[in-house]
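One structure is given below, represented as structure tokens, and several questions about it will come after.
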Amino acid sequence: MYSLAVSDHVMIAHSFVGEIFGPAQQLHGATYAVEMEVRRAALDGHGLVCDIGLALATLKAVLGELNYRNLDDLAEFRGRNTTTEFLAGEIFRRVKVRIAAGALGPGTLRVVLRESPVAYAAFEGALD
Amino acid sequence: MYSLAVSDHVMIAHSFVGEIFGPAQQLHGATYAVEMEVRRAALDGHGLVCDIGLALATLKAVLGELNYRNLDDLAEFRGRNTTTEFLAGEIFRRVKVRIAAGALGPGTLRVVLRESPVAYAAFEGALD
Amino acid sequence: MYSLAVSDHVMIAHSFVGEIFGPAQQLHGATYAVEMEVRRAALDGHGLVCDIGLALATLKAVLGELNYRNLDDLAEFRGRNTTTEFLAGEIFRRVKVRIAAGALGPGTLRVVLRESPVAYAAFEGALD
Amino acid sequence: MYSLAVSDHVMIAHSFVGEIFGPAQQLHGATYAVEMEVRRAALDGHGLVCDIGLALATLKAVLGELNYRNLDDLAEFRGRNTTTEFLAGEIFRRVKVRIAAGALGPGTLRVVLRESPVAYAAFEGALD
Amino acid sequence: MYSLAVSDHVMIAHSFVGEIFGPAQQLHGATYAVEMEVRRAALDGHGLVCDIGLALATLKAVLGELNYRNLDDLAEFRGRNTTTEFLAGEIFRRVKVRIAAGALGPGTLRVVLRESPVAYAAFEGALD
Amino acid sequence: MYSLAVSDHVMIAHSFVGEIFGPAQQLHGATYAVEMEVRRAALDGHGLVCDIGLALATLKAVLGELNYRNLDDLAEFRGRNTTTEFLAGEIFRRVKVRIAAGALGPGTLRVVLRESPVAYAAFEGALD
């Protein structure tokens, strides 16, 4: 199984609803270092899992929809806690939509968000 | 599959028995940077894999049993080499015991110990 | 010259005023990994630059005043852009106030804030 | 499942064939930080996944065949793009050959090559 | 003293002349993670050491002159060993030329090139 | 001012005397990631601050005197707390002795010991 991973980062503001979140119920923010790993069983004719430039551009485009925003203001997140693990799943879904059906063939995708030196969350699923 | 990971560290002394260990047969020590990753198929009602504060407290409690100790003196390790991979398994077992049966539902747990810039060991298993 | 450094992190929300900031004029946030380095010419009787536990507690106390807050709401920052470099200076000043006059003798203090994998800012000055 | 991982690095020159590679069609180079992870279900009698010194020596020997070379000049890579993912597979195959059949029992091996702060590639497969 | 630092990376090929370089006399390459730190005594009216976007663009422009090249082919390096420390000085000089005289006022600049997990080189000098 | 830095690591056991050390009065240990930075005003005829292979060998030789040892057993540390900052100074002194007088010309040397993800200590001084 071959993997290729690229990374970028995003800076957002948000707050959480629920006593379990303690002081994180206040409006605060985070820098997420985001890593996107694509896994496939074989390389293509160029010797690639996928075009690394295209992978970086896809990740940047998805992160651009969130970067420098207050997630509490975005309609698509209304009534949801935008936790690190939720955002990992959300970025997974948005990246998957941008990959033309069948473009990469069978494979899996893993998205990792590092929120601080002591915590990260991830989402992993099939690409097709 | 969602993941959440937290990390902490521990500083211990120990020695190994067996010529294969070379100079590590002498009493020496290590700083282990310890990472604990919980994986579950779905988020709970708060949008969480698990409470990150609770995860950090659980890891800290388990590491507190080992921190600043000479592992050669601990009765539970008598007759055993406390290698990095053995300790990864041991921390896995101690964390699992502290998770109330069913509290997290089905899932897996991975414990990683980084002992130096050029080596790490890990243990991974089912949570229930 | 001896140095001792400890680190922690803080998660905040804020926005900037001025066209130069582009999309960062919107309310967003950051995780700052914060490093505090104390430098002195000699060690004390215990062989220390300073008590590492006390250094960590001092840094945590100062960061606790900012953690999980929207800096735009704090009276002391009204009319100021809380840039990474400004915050490095602000944390320097707050740490310095907490160090009892003469407690450490002559020395210097450097505070570093890493805001993302590609940027950090710092402030450095005399301790007395 | 237990894991043990060791790492080293290698510096090489190469160029790629195909318009998809853009400026990387020119002769350039890379530092690859290489990580090799061995996974087995049980520890041996010493409490080890495998001898860490032997693992480091095996990785160093394989990397020594590539280090400080222009990969475009090596006969075994003629007509191939030595992409990061291809090299991860190649190092996997060379390490596997050096492990005496059955020496480690059933297990898996993962080789990761970090080529820059924003990209890595990997190959993972069975050891026997 | 305030600092602001940004980073990027570059991938090049080169070879060295002199027996002291051992196997590095062969054509090989490197990924350099490059960090550029600007230091000034005071912040400007926006609360900045300098515009972080402009700093990143300046570093990228300078690195673009070297990226994906065989340094042995560049006329300006003829007869020189393009060691990591030499390149740190060269990048310093090229960045300094791009900063309009007086644009930043008095200050210093430090350029760091990390060539592998076990080595880096740097150059530091006055900005004016 | 040019710099060149190399790094390696060491694993030791020790204990501290004094109530200020809390649980670290017990025999424990540490992995120190050690970085040695040499600074000089000019490069030599090869374009080097110093021979990187020689620098790595010097650091490895000095660390070899401490690696896999219980520092409490070493005569030269009797009656001393081998704190991280003390060890940084000690490694500085041992490296300096190994550099033949005048071999590098005027310059400075900085030794950094990272003991955990949240703490490091350093010593810096003139080379001659």
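A, B, C, D, E and F are the chain letters, set down in written order, and residue numbers restart from 1 in every chain.
Rule of thumb we're sticking to: contacts are C-beta pairs under 8 Å (C-beta built on N, C-alpha and C of every residue); 3 or more make two chains touch, one makes a residue touch a chain.
The structure displayed is predicted, hence computed values, not measured ones.
Peer 1: Common contacts of chain B and chain E?
Peer 2: Output, common partners of chain B and chain E: D, F.
Peer 1: Going by C-alpha centroids, which chain is farthest from chain A? Tell me that one.
Peer 2: So the chain farthest away from chain A turns out to be F.
Peer 1: Taking each chain's centre as the mean of its CA atoms, how far is chain D from chain E in angstrom?
Peer 2: Inter-chain centre distance comes to 29 Å.
Peer 1: Cα centroid separation between chain D and chain F, in whole Å?
Peer 2: That pair's centroid distance is 31 Å.
Peer 1: Listing for chain E: what residues touch at least two other chains?
Peer 2: Residues 7, 117-118 of chain E each touch two or more of the other chains.
Peer 1: Can you check the complex and tell me which residues of chain E touch chain F?
Peer 2: 16, 18, 20-22, 80-86, 88-89, 112, 117-125
Peer 1: Would you pull the chain D residues touching chain B in the complex into a rising list?
Peer 2: 1-8, 43, 46-49, 51-53, 56
Peer 1: Which positions of chain E touch chain D when the two form their complex?
Peer 2: 7, 9, 11-14, 23-24, 26-33, 67-70, 73, 115-118
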